Each structure stands twice: as structure tokens, then as C-alpha cells.
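You will see chain A twice below: alongside chain B first, and alongside chain C after that.
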Partner chain A sequence: MREFLLAFADDEHLMGQQHTEWIGVAPFLEEDLAFSSIGQDELGHAAMLYELVLELNGLETSDPAISDPAIDKLAFGRSSSDYRSCHLVEYSTRHWSEALVRHWIYDTFEELRWRLLIDSTMTPLASVTSKALREEAFHRRHANALLDKLLEAPEARARIAAALKVIAPMVPGLCEPVAGEAEALAEGVTTGSIADLLEPLTEAANRRFAQLIDCGLVTTGFIGGGIIGGSQTDANSSDTNPQDYSHASSGRTQRSEFFDPLMTRMREVLDYDPTAVW
Partner chain B sequence: MNVYEVFLKKDGREEFRHVGAIEAATEDLALVLARESYARRAEGDLLWVVRRNHVISAEEDFVAPNADKPHRHHDGAAVASRRKAARESSSHKVAESADEVTH
Partner chain C sequence: MARSWETMQEFEAFLNEGGLVEANDDMPDPYRQAVFTFIEMHANSELMGGLTERDWIPKTPGLRHKMAVLAKTQDEIGHGHLLYMVAADLGIKTRTQMLEDLFAGRSRFHNVFHYRAVTWGDQVAIAFLVDAAALLSQQAVFKNCSYGPYKRILRRIIAEEGFHMRLGEDRMMRIAEGTPRQRQMFQESLNRWFWPALQLFGPDSKPDDVLLRWHIKSERNEVLRDRWVQKFVPMLTGYGFTVPASELRWDDETRRWDVGPIDWAPLERTLAQGGPDSTRRIAEAADNWQRTAWVRAALSDGSDTASNGVDHASHMAAAAPV
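The block that comes next holds the complex of A and B.
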């Protein structure tokens, strides 16, 4: 059960961190605010999920003086092999277009993932879920509002198609459950496997990016290895991804090459002064 | 891109108030970005955005003559001071007559 909650918490934690890194450097000021707000929401979800992990361990979480350092220790203090994040959230994007495409995919998936928990037998998890789902509605509206407009413009369309080719191969890994999911299913903590979300996510992506498929910039499908480049070459075709992210099933136990640099950025202040008081 | 004027209202209290403006490519982006730019700390419960070029505005010269009509600026001070003076002089008379009775 611990692993099951950790997988979600770690995804939220790393995704939140990656989104907030756009503060000050997003394409325009209002987007700085909106995108890092969304990142803050994800960090909030992570903190609530880590707290549930601590409660499983019997820690009394009503006193922040005790629970806050324990949450920090879980969030920042584990060895990399103990994390259960997927590669999609570990990946360091190179362009805003990649961050936007990942934002849409991640939040579409995240909403489906929370819906599996709304009737959870773990009552505190069900109440975290209803709070999170209210926030997800905004996250998805934000991503859709941007994509609605950008997909109308040929230059933006080419950039989004190039980004999709980089991000899509990581999507099956996003839908890969941890070993602990079977136990969570058996106890009614969750009502479905995240592996079953790959299909609705793929269908949603095919609708969302239909304009790219129609004009031959990408061909369809996340299932079985991601969206593959269409016949039409685009402006960024030489800008290929340095690593093969094709999905190898590992139950989320393997970290990508991006994890350690990301964790170093996140721990920067903590490593500088481990006794710092916030 | 269009400029949108942003208005917020606290539910059940006060009126919609202008809080600023935002530039956005679509109506939905205007709402999404206005929410994070102006209402991220729950400054309001209700949100309007209005395209700036949909605001019908009057020319300054059309409004200006009304600035030159001091007689419409009655804040009541002159009337209040006259009433106060009248009140004080009449209570003074009452006090005097009370004095006469005791004697």
C-alpha cells in the first residue's frame, strides 16, 4: 500500500517541481503565474499523499512540528531506488512546447487517476481526492485553452507535433502501476488499475491532437510506444530526442537519467544548509 | 490578442470592482489567466472579463462641463452648521428660563 501511495505522491511531487521551474521564464507573465500555480497545486497533492503514507506507518500527523519534517524526509530524503515516479515526470523539458504537451497529458491522466480513488475505502484518501478533482478542472481548462488557440497556428502546430513525438513514448510508463496496486485494488483503496487508463488517455489525446493527425504531422496512438512522426517533415525534425524512452516495464523501480539532476536542483538549499528553518 | 478589463466581486458583498486588465488571445484564456493574475488569493468569488473595445466610453469634453457646478456639491456642511447654531441658541434660552424659575 505504501508503494501505491508513493507512486502517485512522487509523480505529483516531481511534476509540481517541474511546472514551478517555469516561474519567470514562461512565455508571458500571466503564464508564469498560472503554470507555477498549477505546480503548487500538484505539490499540495503530493504533500497530502505523503502524509497518508506517514499515517500508514502510524505517525501522528496532526502536529505539523512532527509531520512536516517527516513529509520532507519522504519527499527529499529517500534513495533514488526508493522513488516510484514515472519517466514522464522526471524528464527535463527542453522547450515550452514540451512542457505544455506534458502538462495536457499529465493532467488528463491525473484526473482519470483521481477518479479511481473517489470511492476509496481509505476515507482520508477519498477526501483528498475530492479536493484534488476541483483543482484538476482548472488545470485541464488551462491546458486546453492554450492548445485550442495554438493548434490553429501552423508554426505552433509544428512545434506541438515535435513535442508530442518526444513526450508520447513516455506515456505508457505513466500508466504503469507499481507492485502495491494489486493490494490496493483488493482492499478497495482504488477501484481500478492505472494500466486501464492508457486506452481512454490515448482516445482523449487523439481527439485533442486531431488537427495534427489530420495534417499528417503525427500518426495516432500512445499504446505500444507512442506517437510516431508522420510523413510530413516539420521544422524541428532534426531536433530529435537524445535518448530512447520507449517503455520497458519495470514497475516504476528504474529511475531515468533525468532524476538525479532534478533531485539535486530540488535539494539545493537543503544540501547547502540541512538545519535551515523555513 | 485582445485587452480584457477584469472585474471581481465577493459573493453577497459589495459590487463588482475593476481590478485591472489582461491581454489574451481568446475569451477562455482571458478567464483562465485573469483567475490566476487577480484572484489567486481568493480576492473574489465572481469574475467578469470584458473586452476593452466593448466598453462604450464618453469623450472627456462631454463629461467635463459637470466639473464646473459647485452648487451640486452640497455635502450638507452649511446646512448642518446653521442647524447646530440654531440648536445651541435655543438650548441657551431654555437654560436661562430655568434659571429664572429657581430664583
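The block that comes next holds the complex of A and C.
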């Protein structure tokens, strides 16, 4: 059960962390505000999920003086092989277009993922879920409102297509369950496997990015099928795309090349003085 | 309904009686310009402050701690957002023009944000010393501000800044009661940030300062600066830190701390965009603005949404001269 909860907590933690990187450098102030707000929500979900892990171990989490350091130990203090994040959230985006595409894909998936937990036999998890679902509705509305407009404009469309080429291959990994999911299914902690979310997510993406398919910038099934062709030049063509993160089928036990630098950055202050309280 | 004044004397009498000017009033142009420049600098400073802090946000030690820091940053950027709207309503520049001037180094922001936060201790020093200095200034403006829209926004900003200062104070206390390495880190931050924070108040106000005469500001720079010194010097020394002022002394007669002579050259340099981190800060902001231009272009519907699409310039041109 620990591994099942950690996979979700780690995704939420790293996704929230990634949003913090875009604050102050978004295209306009309203977007800075949106990313800081959404980042807070995701980190909040992570904290609640880590708390459930701690409760499995019998820790009383009602006192923040006890639970906060324990949460931080889980969030920042494990060996990299113990993390169960997907590569999509480990990836350091280079363009705001990538951050936006990832935001839409992640939050669309996240909503489906929470829905599997709404009837969880683990009561505290079910109550965290109803709170999270209320917030997710806002996250999705935000990403959709932007994409509605941006996909109408030719230059923006090309940039979003280029971003999709980078992000889409990481999507199967997002839907990859950990080994511990079987136990969660057997005990009714979750009512479905996240592997089964790849199909509805792909369908949603095909609808969302239909304009890109129509103009030949990407092909149908681009999410399930890895890298997508498209005849036009890459709008972010100065980039070398990162290695292919298509489905590794490792049960989320492998970290991407982005994980260690990310964790080092996150731990910089903690490592400055391991005995300190900040 | 828009009001107008026949003469500057009449306008000043209105201000002296505690009158509040509203955006659609036919205010005298010099007043409009002075209020605008003041609010534009405040807005720019909220934004640049966010950029100064953003280097360290991803490194915030602790998950819930990071959430608190994000909430603070969200407030700061939100303040900038509100202030740009209030400034744009004065009809001198749109928000886009203000941002472009800022990124081209043509407009000003507070001296402290021309420096770089090089350690986490700097981040705490900013939240503690700089936010407190800004709060003192804002409280003084709010008390007697003659421009209605600004005064109303300041009420909200001040309430939120109070929370930020307490967050900064709480973090400073953890460090003060922490390990020798933590204390050493914060002492070094104090050495870097004490003087810039103090210089934020500016040199002594001139006798003919129009900001005072028109009740845009209500207290003289030196009064505010002294209030900050009397609060922070004993607090910092009380926690065992050294205030980096070689001529610091307690004046038994006036019962006050005196920090000695203040070198204003560093402040002057920041005003000329020549501070230690001005070039990088402005260049990075400009580069980023340029890199995301495609988003704004795609979302633009022809009107400048940044100023709600309202063309205040024509209103201004029609304003009767006073």
C-alpha cells in the first residue's frame, strides 16, 4: 500500500515543484498567479498523500510539529530508487508551451486518477479525494481556457505541436502502475488501475488537440503511439529533444536523467545543514 | 461624476481638507503624473521582488514551507497585478507599456531588487527586513493618501504584507535559535541586506516634496527610516546578530539608536539601473518577455486587456487644464 500511495504522492509533489519554476516567467501576470496557485494545490495533495503513508506506519499526524518533518523526510529524503514518480513530472520543461501541454495532460489524467479513489475503502483517502476533485476542476478549466484560444492561432499551434512531440512520449509512463497497485485493487483502496486510464486520456487528447491533427501537425493516436510525424518544421527547432521516454515498463522504478539534478536543487538548503530546522 | 478644479490652489485646498481624488476626476496633470509614477514604481517593485525571490522558491526547505512561500509570492504578484490596473487607469501608459518600459530599463523599481539573493538566508532577510520596510512605507501612504483607488488597494496590500512579515519573522527566529551554520548564514545575509533595506526609504525628504504636499505620501522619508531602525536594531541585536554599521550607537539623550552616516551612492546607482544585479535582472526579464510574446500575440483580441481595453489617453487629452 505504501508504494501505491507514494506513486501518487511523488507525482503530485514533483508536478507542484515543476510549477514553481514558471512563477515570474510566465507570459503574463495572470499566468504567474495561476501557476503559483496550482502549484500550491499539487503540493498540498502531495502533503496529504504522504501523511496517509505516515499513518500506515502508525504515526499520529495531527501535530504539524511532528508530521511536517516526517512528510519532508518522505518528500526529500529517500534514495532515488525508492521514488515512484513518472518521467513526465521529472522532466524539466524548456518552454512555456511544454509547461502548458504538460499541465493539460497531467491534470486531465489526475482527475481520472482521483475518480478511481472516490469510493476507496481507505476512508481518509476518499475524503482527500473529494477535496482534490474540487480543485482539479479549476486546474482543467484553466488549461482548457488557454488552449481554446492558443490553438486558434497559427504560430501558437505550431509551438504547441512541437511541445506535444516532447511531452506525448512520456504519457504511457504516467499511466504505468506500480507493483503495489495490485494490493490496493484487491483491498478496494482503488477501484481501477491507472493503466486503464491511458485509453480515455488518449481519447481526450485526440479531441483536445484535434486542430493539430486536422492541420497535419500531429497524427491520431499520438499519445499511445509515441513520437508523431508532421511535415512542418519544429517551432522550437533550436532544441535537441530529450531522450525518448516512451514506455519503459519498469513499474516506475527507473528514474529519468532529470531526477537527480531536480532533487539536488530541491535539497540545496536542506543539505546546507542537515541538522537545521528552517 | 467627474470633478474638476479651476486652479491648482483650489485643488490643493481640496487635498488639504482630506479630499479623495478618483480616476475619472479632471485632476491637474502634474498630480496625475506624480501619482502615476509613484504607483508604477510600486507595481514594478512587486513584480521585480517576485523575480528576486523566485530564484529560491524551488529550493524552499520543506513541503508545507514551500506552500507558504508560494502563497506569499502569489500575493506579491497579485499586488503587482492590481497596482498595474490602478496605474493604467490614470491613462498615461497601458500595462503592456509599463512592462515594456520596465524590461527595457526605462522605468524604476525599488533599490533592493537590484541585488541578488545569493543564499536562503537572503531570502529570509528579504522577507523580514525588506518586507517590513515596504510595509512601513505603505502604511504611511495609506494613512493619508489622496488618490482614492490607490488608497483602497493599499488596504488589502497592507493586510497581506503583515502576514508576509510575520512569516519572515518566524523564519528568522528559527534561524536565530538554530545551528551555528544557520546563524552564520543569516549574519552574512544581514551584512548584505541591512543597508539596502535601510536605503529603501530614500534620503531625507526635500522641503518642497510634492508627494508630501499632495498627500500622496504622509510622512517624511527620514521619519519612516528612523522608525525602521528603532524597531530592527534592537531586535537583531537581541537575537545576537551584529548590525553591520560601524558607527552604530545608542544615544542616551534621545533614547534612540543612531546608525551613523548613510552612504547614498549605492541607492543612486540602482536608480540609474547600475545596481549589482540590475543588468542580469532586467535582461532576464526582457528575454523571458520576448520568449513568451507568441502567447500574448495569440491571445490578443486587439484591445489592451491589461488596461481593460479602456482608452484613458483620450480622456486625459480632453481634461481641462488647471
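The rule is simple: the second predicted complex is superposed on the first by the 256 of 278 C-alpha atoms of A that agree within 3 Å, B and C clash if a C-alpha of one lies under 4 Å from a C-alpha of the other, contacts with A are read in each partner's own complex, and residues count from 1 in each chain.
FYI, contacts are C-beta pairs under 8 Å (C-beta built on N, C-alpha and C of every residue); 3 or more make two chains touch, one makes a residue touch a chain.
Keep in mind the model is a prediction, meaning the values are calculated, not measured.
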item	value
Partner chain(s) touched by A:84 [first = chain B, second = chain C, both, neither]	neither
Partner contacting more residues of chain A (chain B vs chain C)	C
Which superposed partner A:142 touches (first chain B, second chain C, both, neither)	first
First (chain B), second (chain C), both or neither touched by A:21	second
Which of chain B and chain C A:37 touches, first, second, both or neither	both
Touching both chain B and chain C, residues of chain A	30, 33, 37, 146, 149
Touch list for chain A against partner chain C, complex	13, 16-17, 20-21, 23-30, 32-33, 36-37, 39-40, 43-44, 46-47, 50, 64, 68, 71-72, 75-76, 95-96, 146, 149-150, 152-153, 155-156, 159, 265-266, 268-270, 272-273, 275-278
Sites on chain A touched by chain B in the complex	30-31, 33-34, 37, 138, 141-142, 144-146, 148-149
Parts of chain B lying in touch with chain A, wherever the complex brings them together	22, 24-26, 28-29, 31-33, 35-37, 40
Residue numbers on chain C that touch chain A, as the complex places them	47, 50-51, 54, 57-67, 70-71, 73-74, 77-78, 80-81, 84, 120, 171, 174-175, 178-179, 181-182, 185, 288, 291-299, 306
